[in-house]
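Next come two complexes built around subunit A: one with subunit B, the other with subunit C.
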Partner chain A sequence: MHRYLARRLIQVVPVLIGVSLVVFFLMRVSGDLAALLLPEDATAEEIEALRQALGLDRPIYVQYAYFLRDALRGDFGRSFRFNLPALPLVVERLPATLELAAAGMALAVVIAIPAGIIGALRQNSLVDLGVTSLAVLGRAMPNFWVGIMLILVFAVILGWLPVSGREGPANLVLPAVTLGTGAAAVATRLMRSSMLEVLRLEYVRTARAKGLPERVVVYKHALRNALLPVVTVLGLQTAGLLGGAIITEQVFSWPGMGRLMIQALYGRDMAVVQAGVFVFALVVIAANLAVDVIYTLIDPRIQYEARR
Partner chain B sequence: MQASRRTALFLSLLAAVAGLTVAGCQRPAPEAQAPGPPPVKRLVVAQGTDIRGWDIHNHNHTGTEAVHMNVFDYLVYRNDQGEFEPGLAERWELIDPVTWRFYLRRGVKFHNGDEFTAEDVKWTLERVATDKELVEWGAYRQIKEVVIVDSHTVDIVTHAPQPVLLNRLSRIGSGMLPSRYLQEVGWDGFARQPVGTGPFKVKQWLKDDRLILEAFEDHWRGRPWLDELVFRAIPEDSTRVAELLTGGVDVAVNVPPEDWDRVRRAPGVRLEVAMSNRVMLLEVRQHPEYATSDPRVRAAVEYAIDNQAIVDTLIGGAGVPTRTRVTPGNFGANPALYNTYLYDPERARSLLAEAGFAGGGPSITLQGPRGRYLKDAEVTEMIAGMLEAVGFRVKLELFEWSAYSDMRTANTHGDLHLIGYGNSLFDADLAFNSLQCDQRTAQQRYGYCNPEVSEMIAKAQVEMDRDVRRELYHRIAEIIAEDRPQIFLFQVANAYGIREGVRFSPRLDEMLPMFDVRTGP
Partner chain C sequence: MTTMRKMVFSPTGLAGTVVVVAFLLAAALAPAISPHSPTAQQPRLRLLPPGSLDAEGNRYWLGTDNLGRDMLSRILHGARVSVLVGTSAVFVAGAVGVTMGLAAGYFGDPADAVLMRIVDSFIAFPGLLLALSLAGVIGPGTLTVILVLGVTNWVIYARVIRAEVLSLRHRDFVEAARALGQRDLVILARHVLPNVLPSYIVLATLNVADTIIAEAALSFLGLGIQPPVISWGQMLSTGRAYVATSWWLATFPGLAITVVVLGIILLGDRLRDVLDPRLRGR
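Moving on to the complex of A and B:
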């Protein structure tokens, strides 16, 4: 297990270099930074002066070499917008995003697993139809729209919850529901179909034939296997949740990494975009690794050491 | 055993989510209700963006300056009528055409207790006037040096006569910085604890969430009425409006036209629409290879456009048609060219016929940004429709802002393109400067050179007699309106949602000075 983890960690390095290359060059080709930083009526001379001052007149490979050298030391440059080092800015915002993503994920799990099981156990019943319909609806509604509707109903009309910001637990509810809806919908459908599949397997039939109560058959024997694909998908959804957090944070003024990145992109704050993508990449890699580890806990047949 | 562990995990997760929901569904406790100390006099203002840090010289963002001016003081203030008032300078005088003497207010303290002196003026202004890396360098490079006469008197020496020096000293980047403190803590330290002489000092900044300022007891104008001033960054328009309607904020900046009725109908809030200093316009190619090099074609473009229809149908009436970029409130504004437009499609058709396009045409390219200004893509599309209605064959192109900006910088744009220009100097100088024959912008972007205009602009830039300058600018605006290197569309208005009882009125310069703002019945 340890050797497997070490190997996986080493594999992270080329991935990060690849990410840095893509981000660096995409940011450079997406616009002239000096012109974007200055007002619309800046003269050609003023744009040229700023370009030189920022070193943007140097060949792009030279700029990349400097960037890589500094990035290895954890220095992603300074944010133009905040005039502060970029990496601490991004790291400072990570807890808010992780809090939101974790709450969204927890909500997804808490809704999806029971709903999926109930749908499977009562296949083709009205309850099943209800679960499936809600799952389709949850998937079909865009985050952005869900967020605005939740604000309208629960904050503006009913006045139960605050509209935006991050002041206390109350502020977390609407963004977490917004973010968790999509993931819950996917996981519910998957949980349902996976459970249906497992319930038809022979070992389940054997368990029932042994006279075990249905509750034990479902929760002790079937659930564990049925969870495997759900865990995989939820792991993959982590990246989706972080992506969704960008929109959700914007709607709810949640001061996380997503908003930082959006503002950095609008303002062509390259250092922050680069540092942010790096941190995002690390979080996604860590989530995927965590899924692999969780596999071993759920399914004892998976032994990474034994595979070697 | 494993099953029970799983069940326990599941139950605890469920409990956590349920707890969160229950906790969340309680209305936040109203603040400052405890008996005893008087309630905190707080004002919450919501803007679409957060401030861009604390380096006052390294941004050109109006929303940031609107906040900064509560923390930093200028030497000279422009009031809401556009007149100059003493700030940190009690008075000033022109010593010779390139030397302005400023007499500084005594006894002014920075938030950290340092005394404000001539050293701070020299350090602040010479930094922005000499460091090309700073975004605001272009607006201050006219300053040659600051000479300290005594601890509270300075001479600001300019490279050439500067009739707009007071304008330059009362805008973005004009706040006075604490030189000693900055040299001690550096910019990183300053970013952690910014210090100015302004009426409010920084208590806490939660980036992209809120900036909390508190009253500065020792401000030279006296203590501000408010105890606490909070600026929240709420980028989503509908969320910002929802916060206003639910009492989360007292002032919401930039309420979009589609929400105006909602705000007007809501109890306890009012909507105020105020003109901004931004003018939307088309920039026009006059290089010989473009159809718009023919003055009759350019005139036909202007006659084809119904400015008022654009304002009424697309931006909810929040604009005023104009034929000049220098609108009222800016020095040199020519009133004859404001609140007027030339829409006459028949005239446009006959001009095109005169230019040899009786059978249709010419073919022109019209470009516009998408998402930079209010309804920018729609405005461009509507103009394209109006041009086609009089016979132009229009190739319409819309771009995301960075691609659009690149196109303008690289001068690869077509016959006409849409842009919105502000005027942070509040002077015609900024509007006309780039139209001089020797300016690269005039040569490359417009292909425009009118020696008479050039000469008048150059003269006005160093003319110290205000009446003479004003006359020059009136005449320049008239010629520009006829030469059409730019065809002007409308001046843009901004709408503010304001809680009843908040005594604040929006300003033309979009600043948010809150020193003497009061709330309550």
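Moving on to the complex of A and C:
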């Protein structure tokens, strides 16, 4: 297991280099970086001074080397809006975003796994039709619209839940449902088809043939294998979930990284944008690693392969 | 012909086809079929609820927005941007992704290794994040939206096409063409490309759905389509601001997106069943 993890960690290195290249070039596609980094009312002299200070007159690979050195030190420049270093500013908002994403993911799992199992066990029944229809619908609805509709029903009409902010658990409900809907839809569909596939396998038939109760066959024998692809896809969904969090935060004025980044983009506060993009990528990479660890726990075959 | 027939002989495929055709017609005919001007501001007719009549007896079936513009006409015109961005961005992404996938799969390492590392790096970013950061840096607008959604979506095509080509590369008909001394480009164009086409069509169809949502998201955030061009995402953004008083402002544009995306997904799923039986039920 350690060896497997070590190998996975080494595989992260080229991805990190790629991520740094993407972030580096992201700021350069605009043309004049110095003009971009400064507020819009900056004078030509200020821009020229910053260009020299940033080394923008040097060859591009030298610029990248400096960028990489600074990034490794956690230095992405200063936010001119807050007049503070950009990275701590972003990291400070990370817990709010992770809280939202975790709640959305938890909700998706809690809905998708039972719904997928029920759909598979009663294939082609009315219940199954309901499950699959809802799953397709969940995939078609833009999550920010779901958010607005939830506000309309539960905050405006019923007045049960707050519209925005992050003051207590009640504030988390609507954003989490908004974010979780899409992931739940994808996972339900997959859980159902994965369960259907596993239930057709020989070992499940054997388990049934030896007279085990259906409950044991489904939950002890089939479920564990059926969960594998679902875990993989939920892991891959992390990136999508964080993307969804950006817009969900905007709908509910949730004070996370996404909202900070959108505001930074409006104000062209590029140091914050750069730091934000980098931190988001790190979170996705870390989440994918975590999924791999979970994977080794539920699928012992992976460890065997790594040991060989 | 058989493909068409199979499409229509399934309730979901039929429903999807009907919705997509209606959507395309709405986009094409918007100026002709809109009951009112989508942009004319009428301060005295602000925020009329759906079904209202004005003094001259004109009906506003879906109500009016905060500037007194007819919601129905705006939604019909909004379809145009969705069609334009949905298809163009998918074309850009497909052109880049398929080329990369073909090259990586057919020529193998080192091209393959380099491409896969690039793909891994792109996957590490939430797609929307990269798109909106790029849009923010370049400056929002219709062309920007097409470009950034193209640039952030090509990875999907590259991965799928590469995998397909890997399995085709050593098949007899490809080996035979090579043994006959055909050039790589000819083999790719005449023997490999036609075989990856079905996967591409399915992928592209479903990708249009995601692209329409992504465009709406960018425009909702103010980093996508800019006024006076009308987009559903923009309308939703206004709708969010007025949700406490005027429910129809946010409800109808979102409903339009959902119905269109649903139609495209149903069509795409059915296409997959017809064109690519191996993937059935996934």
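Everything below uses one rule, namely that the second predicted complex is superposed on the first by the 261 of 308 C-alpha atoms of A that agree within 3 Å, B and C clash if a C-alpha of one lies under 4 Å from a C-alpha of the other, contacts with A are read in each partner's own complex, and residues count from 1 in each chain.
Everything that follows uses one rule, which is that a contact is a pair of C-beta atoms (placed from the backbone, for glycine too) under 8 Å apart; a residue touches a chain by one contact, two chains touch by 3 or more.
Worth saying up front: this structure is predicted, and the values here are computed from it rather than measured.
K.L.:
Answer with first, second, both or neither: which of subunit B and subunit C does A:Tyr219 touch in the superposed model?
P.N.:
first
K.L.:
What's your read, subunit B or subunit C touching more residues of subunit A?
P.N.:
B
K.L.:
Between subunit B and subunit C, whom does A:Ala140 touch in the aligned arrangement: first, second, both, or neither?
P.N.:
second
K.L.:
Identify the partner contact of A:Gln250: answer first if only subunit B is touched, second if only subunit C is, both if each is, neither if none is.
P.N.:
Both subunit B and subunit C are touched by A:Gln250.
K.L.:
Of the partners subunit B and subunit C, which touch A:Leu152 in the superposed model: first, second, both, neither?
P.N.:
A:Leu152 contacts both subunit B and subunit C.
K.L.:
Should A:Val284 be classified as contacting the first partner (subunit B), the second (subunit C), both, or neither?
P.N.:
In the superposed model, A:Val284 contacts subunit C only, not subunit B.
K.L.:
Answer with first, second, both or neither: which of subunit B and subunit C does A:Leu26 touch in the superposed model?
P.N.:
second
K.L.:
Do any residues of subunit A touch both subunit B and subunit C, and if so, which are they?
P.N.:
In the superposed arrangement, which is not itself an observed complex, subunit A uses residues 30, 36, 148, 151-152, 156, 163, 250-251, 262, 268 for both subunit B and subunit C.
K.L.:
For subunit A, which residues count as touching subunit C in their complex?
P.N.:
Within the complex, subunit A touches subunit C at residues 14-15, 17-19, 21-22, 26-27, 29-30, 36, 136-137, 139-142, 144-145, 148-149, 151-152, 156, 163, 193, 196, 236, 239-244, 246-247, 250-251, 261-262, 265-266, 268, 270, 273, 276-277, 280-281, 284-285, 288.
K.L.:
Sort out for me which residues of subunit A touch subunit B in the complex.
P.N.:
30-32, 35-47, 49-50, 52-54, 79-85, 89, 92-93, 103, 106-107, 109-110, 113, 148, 151-152, 155-156, 159-173, 176, 219-220, 250-253, 255, 259-260, 262-263, 267-268
K.L.:
Using the touch rule from the top, collect the residues of subunit C that touch subunit A in their complex.
P.N.:
117-118, 120-130, 132-134, 136-138, 209, 213, 216-217, 220-223, 236, 239-240, 243-244, 247, 250-251, 253-254, 257-259, 261-262, 265-266, 281-282
K.L.:
Where on subunit B does subunit A make contact in their complex?
P.N.:
3, 6-7, 10, 13-14, 16-17, 20-21, 23-28, 49-50, 52-55, 58-60, 132-133, 135, 137-138, 187-188, 191, 206-210, 232-236, 238-239, 242-243, 245-246, 248, 401-403, 405-406, 408-410, 419-422, 424, 430, 433-434, 439-441, 444
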